């Protein structure tokens, strides 16, 4: 049951679900949730390959930095969401039509 | 000796399972023992005896978010420092203490810049106007 | 046996909660489903022997990102986050009718099969190693990698985080209404 | 390699007879041992949590020249049982405006986060359920589930008091996690490992071998950790999320009966865990002075020493609660970000420099000249 293939399939499912969440939701916070799922799918792939194929820990380092970058991305993204809400009084993605103001 | 596949994961999972079991067991006991006389008045949210006005799910001040923001950055930095800290002594014994110290300190110095910036810009003050007015009074 | 059970339950938790994120319309519930899904991923990391990465996942996501998202949901209008006009799986109806879904699904299936066909050659030539049951400690190795091979990434990540902190603090800082 | 209680027991002969009983099924035997010991630890911690409520009232009564509970059982000792029975027979009320799913889930998150930390708590050299090599880091990480639980408890009730308490609680818990984590980082740096076995193994039984007296910076780090841990467990003087005089009862205002009981139980066990961690990180943990043998009776002595240190710290926590007035919210944040965090970073830098400069020797070793 535990093999490289099963991990890859889980990661694939996670990635597709994240993609669908990203595409289908109109709420900016929900889109960020989708991005988190996608990043996790990538990190899972790295660790799975690191255990089953390369047998060294570079994959772990990669997923460590993926987590770090994901945290930074979430912080900045949510800050933008909050600022956007203060200006537009909504977090509907279709309202984000202007680059200024 | 024990094969390594039974390493520390099992107690962790068992403890989590026990928490869930205790939770549902307690619920079951309270379903069996507790009285059940629901009424509308009983299940209104508590607002000092008055009729509750509106929903509590309203907007909050941004400063909660700013605190969370500073927290997550520091959290991630401490996560990255943990493996380096745990081999610091080993490196020192290998005679590479200076090298490790330089890496470690340059990492921390960036962290200090972050907190210094937030301090300077007043993100660490909870109530800005209140504290600035206090300063004016003392002057 | 135990590891396999852990794997099965973590995989179920991951996929189930990810579907929950997709299906639920309440954004708060989505965040909590995301928490469950990330916890499942942490369990999967643990079954892969990546203890440090698993705990990092718990620390950063559960303690940090999810709380930040809950805060952001609270700060952007409390209860007003139930989206309208969705069909099954939470997809908005503007994304297409059954024909678009079926044609898209067919195309996706063909692409998937092609890809599997392409990748299987590579997979067979680089057959995965037979993995025993041993789970050596990864912490000190990760530490050595961080201070030797990946020291540049380690230092630059701190600068990245500083930039994220400063930028996000500037954006999110409460300012006076005009 | 991860040492566990099973791998410790397997060096004795009776393990083989047990194994024969289980028809050489290692997994089943390990599971049984883990399950029994987990039940024992959970029972012990629940008792300590219950006794904590009793001790809290007795000590507060003592400090305020009152008598305290004395009706139920001898000296009121059975008060905790009475409390438990009362919790179970109270009606379960849920506000009709509440978010039902999250209202159910919040106490479970708190309880899971606290129980999972018990798996790595070192009661003695062998009696540590799992000596994970990410031990202390795992403990810090998993206990952050409590913050989510507190926030959800406040959010799901949809009552204004709860919501305020939940927001305050979540921001307080996450803020104070930073100084606590950085103090723990300093200890990790000194001991050269994250597992509790390594950390306690680097200390000795006598006070001058403890990490608190290792160098001036770790001495400071102990107090930073103490203050931060008090705040993380929502204890007075940092009990703003549940400040009775301001917020009725904070995030669990709307919780009744058993669900409230889970919140309270989680909080008291968390205080115990935090005290245990402080004892094993800074105060030498289970180390017995002068004995380095490893036989089963020594384990009992180690267990007693660990519990004594932990319960003494528990007493100090209660003592602090009835001594200091509560902080204001802005003071709370200022204490965390303007005092504790810079001091914690200073300690970390100091410990790093000390390790390189004096080759990891402690003050006592420098003065009296000891082996490394």
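Which chain is which? They are A, B, C and D, in the order written, and residues in each are numbered from 1.
We adopt the following convention: contacts are C-beta pairs under 8 Å (C-beta built on N, C-alpha and C of every residue); 3 or more make two chains touch, one makes a residue touch a chain.
Here the structure is a predicted model, which means the values were calculated and not measured.
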Chain C and chain B - chains in contact with each: A, D
Highest-count interface - the chain pair sharing the most C-beta contacts: B-D
Identifier of the chain whose CA centre is least distant from the whole-structure CA centre: B
Distance between the centres, which are taken as Cα means, of chain D and chain A, whole angstrom: 33
Centre distance in Å when chain B and chain D are each reduced to the mean of their C-alpha atoms: 15
CA centroid of chain C to CA centroid of chain D, Å: 30
Geometric centre distance via CA averages, chain B-chain A, whole Å: 21
Touching two or more other chains - residue numbers and ranges from chain B: 3-4, 6-7, 9-10, 55, 57, 60, 62, 64-65, 68-73, 75-76, 79-80, 82, 86-87, 90, 100, 111, 118
Where chain C touches two or more other chains at once, by residue number: 2-3, 52, 56, 59-60, 63-65, 67-68, 71-72, 74-77, 135, 139, 142, 146, 157, 161, 164-165, 168-169, 172
Sites on chain D at which at least two other chains make contact: 1-2, 27, 31, 132, 137-138, 155, 167, 174, 177, 193-194
Topology of the chain contact graph, where touching chains are joined (line, ring, star, complete, other): other
Each pair of chains that touches, named by its two labels: A-B, A-C, B-C, B-D, C-D
Chain A residues touching chain B - in the complex, by the definition given at the top: 64, 67-68, 71-72, 74-75, 78-79, 82, 86
Of all residues in chain B, those that touch chain C in their complex: 3-7, 9-10, 13, 55, 57-66, 68-73, 75-77, 79-80, 82-84, 86-87, 90-91, 99-100, 103, 106-107, 110-111, 113-114, 117-118, 121, 123
Parts of chain D lying in touch with chain C, wherever the complex brings them together: 1-2, 27, 31, 99, 101-102, 105, 132-134, 137-138, 140-142, 144-145, 147-148, 151-152, 155, 167, 170, 174, 177, 193-194
Complex contacts: residues of chain B adjacent to chain A: 62, 65, 69, 72-73, 75-76, 79-80
Residues of chain A that touch chain C when the two form their complex: 1-4, 6-7, 10, 13-14, 17-18, 20-21, 23-27, 29-30, 32-34, 36-37, 40, 43-44, 47-48, 50-53, 55, 57-58, 60-61, 63-65, 67-76, 78-83, 85, 89-91
